[in-house]
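Listed next: structures, encoded as structure tokens.
Note that subunit A is present in both complexes that follow, paired respectively with subunit B and with subunit C.
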Partner chain A sequence: MAEGSSQRVTYDARGLSEPTVETPKVSQIDGDRAVFDAGPLTTRQINRELRWLVYEEGVHDVTITNPGAKHSLGVAILTRCTITFEGSLGYFGCGLIDGPEIHITGRVGWSFGENMMSGVVVIDKNAGSLTGAAFRGGDLVVKGDVGARTGIDQKGGTILVGGNGGMNIGFMMQRGRQIYCGNVGPGLGDSMYDGSIYVAGSVKSLGIDCVEAEFTPADKEMIDRKFAIYDFGTPPAFRKFTCGRQLWNYDNLEPSERKLVL
Partner chain B sequence: MSDASGNSPIVHHLSTRTGIDAEELAGRSFPYQHDLALVENVDLIASTPGKDLNWLEDVSLLVEDGVPAVFDRYSNSFLKIHFPIPPGREDEIARKVLITHLQSGNSYGIILKRKHAKFPQPELGPWVDGSDLVGQDWKPSVLEGWESPSGH
Partner chain C sequence: MCGIAGVIHRDGEADIGQEMVQMLQAMKHRGPDSTGYALYAPPTEGIVIRFKLADANDARDFEFGERLERHRNEVEARLGKIGATVERMEGDTEYAFRARVRYTGDIKALADYLEDVPGCEVLSIGTSLEIVKDIGDAETVAGMYHLGGFRGTHAIGHVRMATESDVDISGAHPYWAYPFSDVAVVHNGQLTNYFHWKRRLERSGHRFQSECDSEIIAVYLAEKMAAGASLESAMKQSLDDLDGVFTYVAVTSDSLGVAKDEMAAKPLVLFESENLVVLASEEMAIRAIIDHEIDTYDPYEGQVLVWSR
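Up next is the complex of A and B:
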């Protein structure tokens, strides 16, 4: 159990609410596993503790109890490790990560997994809007529902949703895959440049330049594999949606970008 | 441009073309770009998080300057592959070359970390377990003689 924090958190318009902070070093470490109570700690203390464990103490498996829906927890973890949050997270949780495998037993707020580079994240309940914003790679699994604009500006990776999706799913999506076992709201795939969105339930409406496409054996192999890995049972029948390519407008100054998308 | 004697001096500089080449950034090429045997034994599943290829699922063989190449997102550059690639194994070989490049620390983005990383992080990121920490003592550069405007 962590000792109570004496750190005073004050509001600052520049975001410097905790300009100085020390690593609390309150974890119970047992070999390459550790557990600590986030309840009495501030956001920066929690993140400092987490990085200290996985970067400096050789810990590969961390359990964090009582995260209390605090914001911006578990961000910028750039190594292979396993992290479990026993509870819910606030907004911008687990952003900018590269490598960890994270399990969250509760819910998460908006912009979860923003700019995630690689790794695996499994959320047992619901996720807010903008889940996986600018998502780059890895697997982001939400067993419940997700909010509006999930996977906005997605550039790679797989977002697997056990429930429903809100409006403008895959807005401006550029690469990667999104899989919805339930229904999705209006404006699916609006202004998407590339990537694939699979929906098992109903689609309220398609967004601009989003079209239905042929569901191929490669699509089936990918969905079957993801369902098996994350114990999602037998996959239902899916419809596939992609970019209609009417909005493609690359100029000669962007050959690299065009090459990557194509 | 020529010097006073009329001889053209040797000028080393980056090219002005729009593509970015990993070899050009590093100033040299690497053995695993030239020899399939050096990447053949790379275990892609073990090299990535989770039970499948994870982020490598989005990596495929591309072509840059007419040469097979794989894109290194950590340095925003193309890593060319100069050996013949067996048909049917294009993406696999591209992924193996890229992972070897990252694990060896030769990616230009990794090379920059020791000087420019602003917060503590493993030098070789998620690709090699237990690599050195960098970015622990970063300090912003100071322009000599410069003072911040009043009120800042």
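Up next is the complex of A and C:
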């Protein structure tokens, strides 16, 4: 603990507190690139090292090896930079980010990319449930499968999934786009307010107030562009799903209130 | 929150005691209250009975030690009276015991007779199953019960964050499927029709060791299997019969299965290879025992997966 610090642990039922939060400064820095091994580091140490590199050392390209599926890595990075995780992340990875381009060579756990505001994330393998919860902007690309409730409460941006999705995809979705190259589970787009969901495979069932809509040339152009950017090959045929607007109750709201809600 | 874990080696024995300790310790943050293990050694001709006569946090009055000794002797005497031959009886703690016996009679009669001894609770009976559970984290409990050297074929474990019943051994997982030998369950979640099923199973003659909803699953499955169902079909039926949010892992002497509720509200991550299946609430637990890069996945909602040796 830093000298003079008043931080004190008074109750630690789980025995997991990290009162020592010094930045480890173990990275190998080469110009504006850096690499460090997360294996022996705690979550707080990894995040402090990452923030030290991109905010104080002027590093723009960071590679983190052996993340070991630890939780909450790479959160709240609010600057443009490139981050590569060589391995898998646990829960709540890369939430609240605004600007970085992140590549994960492994899998990610639940609630990855929560409240992501801008930037690009590419995950080479699977993602757990609640991926992109309250996702606001940017591109979130999962080359494998995603779990239940992906894009719950999504408010913008694009989620592109190379494989299948679980149940309640796009639950209460408010804006943005989701693209599934595989199948999706029951309750697709349940209670969604707005936005579009594109599915190439089968849909087990639609959620309340989710309806199939016309697939337009603009939709095709957008999907072609995303496939080209992320090297997904030739796009298959997609069906488009949107809100049926039968549950809408915003018509009585003032425009300012509607803006707040959406 | 709670954390669950399981491992099955399909090609022989391994250090499953140490593996479970590492996996559960990696998930200590999911449940610091108690830790439990259901470990499966290769079946033997006799049976192993794990039982306790008190809890770790019971008040120690002046007669505590004498009372435990008296009750332990009573258990041993009753084993003889019911026709069991005690080959070995040992205590890992002052209140928890392991007995290896030869017995060919009715398991329910044996369990009921032993539990009639004041304070006695049978934690498991089986030809290969041994359930060990106590207050503390994985390393603490493993140290108390000397589990580090346990070799076997498969195992499940649980770290508990108590929400609906006491912090004691009775409330800790895994649960033995009384009175059926070699069946155990760990569970993460809440069952909302717990009392419905508890009353129904009690009317069928089953007794419950705890007030914990998870115990229902073990007895429910065992009753189905006793009626001829396979583990997989019993688990699939449970998805219709049990309400709530849950992911549970069930084990028999030769199989390990996982079931996830229709809402997929509780996590589970899986690694599967030809000879090894490892699963846990968090991937970091799997990586605690596998040191090379692996591919993992989450089972989907309403999915039941079973692996056999």
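Methods note: the second predicted complex is superposed on the first by the 235 of 262 C-alpha atoms of A that agree within 3 Å, B and C clash if a C-alpha of one lies under 4 Å from a C-alpha of the other, contacts with A are read in each partner's own complex, and residues count from 1 in each chain.
The rule we apply is simple: a residue touches a chain if its C-beta (ideal position, glycine included) is under 8 Å from a C-beta of that chain, and two chains touch if they have at least 3 such contacts.
Please read all numbers here as calculations on a predicted model, not as lab measurements.
Visitor: Is the arrangement of subunit B and subunit C around the shared subunit A a clash or a fit after superposition?
Guide: Overlaying the two structures gives subunit B and subunit C room side by side.
Visitor: Pick one for A:Ser129: touches subunit B only (first), subunit C only (second), both, or neither.
Guide: second
Visitor: Quick one: classify A:Glu101 as touching subunit B (first), subunit C (second), both or neither.
Guide: Only subunit B is touched by A:Glu101; subunit C is not.
Visitor: Is A:Glu49 contacted by the first partner subunit B, the second partner subunit C, both or neither?
Guide: The answer is neither, since A:Glu49 touches no partner chain.
Visitor: Per the contact definition in the header, classify A:Thr158: touching subunit B only (first), subunit C only (second), both, or neither.
Guide: A:Thr158: touches subunit B, not subunit C.
Visitor: Contacts for A:Asp190 in the overlay, against subunit B (first) and subunit C (second): which applies, first, second, both or neither?
Guide: Touch partners of A:Asp190: none, neither subunit B nor subunit C.
Visitor: Counting only touches as set out at the top, which of subunit B and subunit C does A:Trp110 meet: first, second, both, neither?
Guide: Second partner only.
Visitor: Applying the touch criterion given at the start, work out whether A:Ala69 contacts subunit B, subunit C, both or neither, answering first, second, both or neither.
Guide: After superposition on chain A, A:Ala69 lies in contact with subunit C alone.
Visitor: Identify the partner contact of A:Ser118: answer first if only subunit B is touched, second if only subunit C is, both if each is, neither if none is.
Guide: Only subunit B is touched by A:Ser118; subunit C is not.
Visitor: Just how close are subunit B and subunit C at their nearest CA atoms in the overlay, in Å?
Guide: Minimum over all C-alpha pairs: 23 Å.
Visitor: So in the complex, the part of subunit A that touches subunit C is made up of which residues?
Guide: Where subunit A meets subunit C, its residues are 13-16, 68-71, 87-88, 90-91, 106-107, 109-110, 125-126, 128-129, 144-145, 147-149, 166-167, 185-186.
Visitor: Per the contact definition, I'd like the list of subunit A residues that touch subunit B in the complex.
Guide: Listed in rising order, the residues of subunit A that touch subunit B are 51, 55-56, 58, 76, 78-80, 98-101, 117-120, 136-139, 156-158, 175-176, 225-226, 229, 253, 255-256, 259-260.
Visitor: Provide the residue numbers of subunit C that touch subunit A in the complex, in ascending order.
Guide: 28-29, 32, 137, 262-264, 267, 269, 282-284, 286-287, 293, 295-298, 300-301
Visitor: Taking the complex as given, what residues does subunit B use to touch subunit A?
Guide: 18-20, 48-52, 54-55, 57-58, 62-64, 71, 73, 78, 119-122, 125-126, 129-130, 133
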